[in-house]
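In the two assemblies presented below, chain A is common to both, partnered first by chain B and then by chain C.
Our next item is the complex of A and B:
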């Protein structure tokens, strides 16, 4: 396969737009699917595809994904609805115990909108300015009113955090984010070493199989991912996980300040050990003792590292966030054990940013809208969430969870491996609280343009 | 030898299940029911008996015809599949099971063709070995530690981490005193039971999740 038909794939699937503002709208479809189909028909020509932007970025983009309940509301044939993967049919709320979304993260503590289970569709507007977002939203509202196809249950605004007057890639804890999404065969994007999978030589990198991202293509096992019938409905589509993650910045800063008193490596290094990168984005693996913008700014370096030279985790701890969610070659076999567990991430922060040193309260809602794209939610996202974020066995860390994302409930533990020097001491952080709380989310199907047309024109026929 | 990875043994056994039309429910269903209700915690037979790191029992009804160009084939029997990773020697392992949990082993295998029971150890061993398949591509995540060593290591890892967290900032002489006490206490601790839950996990894994 040489090239994908990018005009048939939603742009959101193929690339992060890097637009500073976003609004995620949640729709409940009309009782009569005829009206919803009319709405989808209106949207069809407006959806942003993966086509190249030869004339620069547009002022705004529009994308859509549907929950299983949404597809059912469109009255798709049962023979199609039943062929979707089980986890997608069940939805994220029903999977909460499998995901470790319990205690404070349990669905009963989610935002009101998610309680009913009535979310049928996610519509994403990304834009250059808030006015661009409003304009696109107003247009959508007009279409909704004109067709009577849905009602808006609510929406979530998100925006890049502004630093020194410009949009940045930092998140609320202050870490620079958004370095490494995987490369896939056929997906045309600016590639850099470290983005795909390790090649057989254990050093160079190559793209993952297309079927790890898109339905209808062979995956890393040479198989077609489980996909709904008919094939045309699935092909060029993907599954999306939406999670609203509230960040308890006050709790995080207080915890780090307290622990730093006991850590002779210094506060900045302690913060780096949590995530695996210094706050400016320098990977610990490449620069264990100081931030280095030369590395961060060099695409040949910023994601180009492995863990085989650091089997004890003395540079990047075994339990650091980065090493957990993409263990690279941590488990041996030149990374072969992780190639079917990779996910593509999208997202933007939401809420008011409070710079370090200024008073901040966790009663104010701020965090990140975190979205995952993958061909198999259970094999990819759910595995990463269950085994690598909420458990530590693969890294020989027993029951320890991801220090930053783990659902610790005040009982978490994070072991920082070190050496005999005062600059890099070992450390056990205990009584970790939840620095991140789940406030809602759902599993969605992000269809191709063809599939969206089939939905709009009532052409889904599994026979 | 492919059955061995380091100090671990990878056992694969296929035992034909009795095909008796007059049995209701059928023998394979009776095995399925028994297995489905076996405890998976420290009361499970493979936790009560020594040496097992990991084990799995399943019933294989038949090979499935997936369409052309494969040819349609069927098994003569339904099979009980038993896979286990355990410490060391096969004879020692089977004998330990036969002696520690004979009731459970007999309850499972009594539905299998030609099974002699555990009472006569020689016959039991001969039977199991005649059902054995050579394990190929055998992979053990940790293949140089015994079950006891692994359980003790996990216990030590947890205890040391707790000790460090609890005694941070303690002056050196007091820390040493505390550590010596802790060390003696740790040494005296009994080996944790296999499959025992040390910390409840707020997460559902394995079994019937999917």
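Our next item is the complex of A and C:
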């Protein structure tokens, strides 16, 4: 296929900016949609597109996405609003039972801002420095005041964790994060083996169909994804899931310290078994016994592995986070059962980082702002969340949940498969608490530049 | 009346075939039955408990009473019956993704079959020819086929441990217990409530 029209696609859809600071703002639109349209009109020329940065990275970027309530507040025709997928119309809160967002993760326990249900838009500023973020935010506030198009309900700051004076890719538990997002046909990015889908030979990798990420293109089933009408409103857009995930670092460290006493493989290996990678990022599948920076740094190796040689999970446990959320060829069929369940992830940590060994308390809020981009929230994100994180049958794990992300409520169980050696013993971790808690979120539509223009100019006709 | 009982879904699909086409399907069933390797893909879908296709010829429809006239039917019928774990969408998605060739061979003789790829017309077709289940009993609503198979392995391994360790020393027991753990370690999933259907 030919190249995508990157100037029509929001940059956030096509690439992780790799900028160390971010602020996510949440807007409530004005009563009179005329003012909101004026605001969108002002923003139109400022939105960062997928165009190549010939002169290096900008100091800041700006992107926008709208909730279904936001689209309704813009007074889109009812016939158009009804063409959006059901899960997007309902919003994330209404889907909490489906997603397993119950108990401590239930919407009643989310941050105050989400209680009203009035979040109409998400605006993301990514920047080189906090000052760049502030400058862009001030500019946005001026536009909001000038047009009267919205009011800010709140915002969430996030930033890469600083290690040895530089921005890193580790998250609060201490694992190196951000390895493999999927490749898609036509999306120009640095690609490496392991990023797309398995080819027919079961060994090499090829990009996923564009329609797994972008609306208006054929997907892995050879058809156009379910999308709103008219098609100009949908094309080059995507759906985004926003989830604020609080990480209970103290609980995690205490749990690991306790269990490590009974695990003869050592604490570092136990931590690696939870996620499927050693803390430095080395995949267990490629190096089951020690960290290996040569693998982590080699793009031909760091994501280039399958599970067919490890059907019992003795290297990477069947229930390890990595193996659950991207099972590769775990279910056979050369990965054929997972190609329509892939998601693109974006995000940054928030809150103060506490290095291992220093006192840490879970009353302090820290975690990760986790965002998902996909053509179908129900087929991709919701399926992964329900079937692979909060359930385990596809991996022959019954009702067991993802050890790290699962909503365990103190009753979770994680079986670590091993062999007859003392360095790799079988182990059952039980009474897992919630290491991660959901603090809020919503489903958004991330429109193309064309679609944003249609919204700004009130040009969406019912179809 | 529901097709769902706990973790199990029962699907009945009935499709009409022109009688001259039924012969081709009989041949295909004969070949699929004889070549066991051709069934392997279906068997490898671990969330399927059971799947069967049966031809119901137009002349062999039962008559409730001999005094009633035999119906004059123009079509033979293909009955598909399956029990599986997971949702309707998940099941048909998987069929369409990895079994499309086999499915096309079996269903292409049925009237108006659109093909199993792309998946949306296939789903529309199935939803039109599916008959809902009036009553559905399942012995283990909180278990999947994988769970049941796992339970058998755990039980057999445990029985073996029990039988072989009655008189052994602590050191021998340690070795036997490790062996037992390695046998059961990937078969220990919990049973319980199914995820919410969507």
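We take it that the second predicted complex is superposed on the first by the 462 of 463 C-alpha atoms of A that agree within 3 Å, B and C clash if a C-alpha of one lies under 4 Å from a C-alpha of the other, contacts with A are read in each partner's own complex, and residues count from 1 in each chain.
Criterion: contacts are C-beta pairs under 8 Å (C-beta built on N, C-alpha and C of every residue); 3 or more make two chains touch, one makes a residue touch a chain.
What you see is a predicted model, and the numbers here were worked out from it, not measured in a lab.
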For this session: Once the two structures are overlaid on chain A, check if chain B and chain C clash or fit side by side.
Result: clash
For this session: Answer with first, second, both or neither: which of chain B and chain C does A:115 touch in the superposed model?
Result: neither
Exercise. Where does A:103 make contact in the superposed view: on chain B (first), on chain C (second), on both, or on neither?
Worked result: first
For this session: Using the superposition on chain A described above, determine whether A:378 touches chain B (first), chain C (second), both, or neither.
Result: both
Exercise. After superposition on the shared chain, which partner residues are touched by A:339: those of chain B (first), chain C (second), both, or neither?
Worked result: second
For this session: For A:417, decide between first (touching chain B), second (touching chain C), both and neither.
Result: second
For this session: For A:430, decide between first (touching chain B), second (touching chain C), both and neither.
Result: first
Exercise. After lining up the shared chain so the two structures overlap, which partner does A:151 touch, if you call chain B first and chain C second: first, second, both or neither?
Worked result: neither
Problem set entry | More chain A residues in contact - chain B or chain C | C
Problem set entry | Partner chain in contact with A:223 - chain B first, chain C second, else both or neither | second
For this session: Identify the partner contact of A:262: answer first if only chain B is touched, second if only chain C is, both if each is, neither if none is.
Result: first
Exercise. Between chain B and chain C, which residues of chain A are contacted by each of them?
Worked result: 87, 97-98, 100, 378, 386, 390-391, 398-399, 413, 415, 428
Exercise. Touching chain B in the complex: which residues of chain A?
Worked result: 86-87, 97-100, 102-103, 262, 378, 386, 390-391, 398-399, 407, 409, 413, 415, 428-431
Exercise. What residues on chain B touch chain A, complex-wise?
Worked result: 154, 157-158, 161-162, 164-166, 168-169, 198-199, 201-205, 209-210
Problem set entry | Complex interface listing, chain A residues touching chain C | 87, 95, 97-98, 100, 220-223, 312-313, 318, 331-333, 336-337, 339-340, 378-379, 382-383, 386-387, 390-394, 396-400, 413, 415-420, 426, 428
Exercise. Which residues of chain C touch chain A in their complex?
Worked result: 7, 41, 44, 46-47, 85-86, 89-90, 93-94, 96-98, 117-120, 143-144, 146-147, 150, 178-179, 181-182, 185-193, 195-196, 198
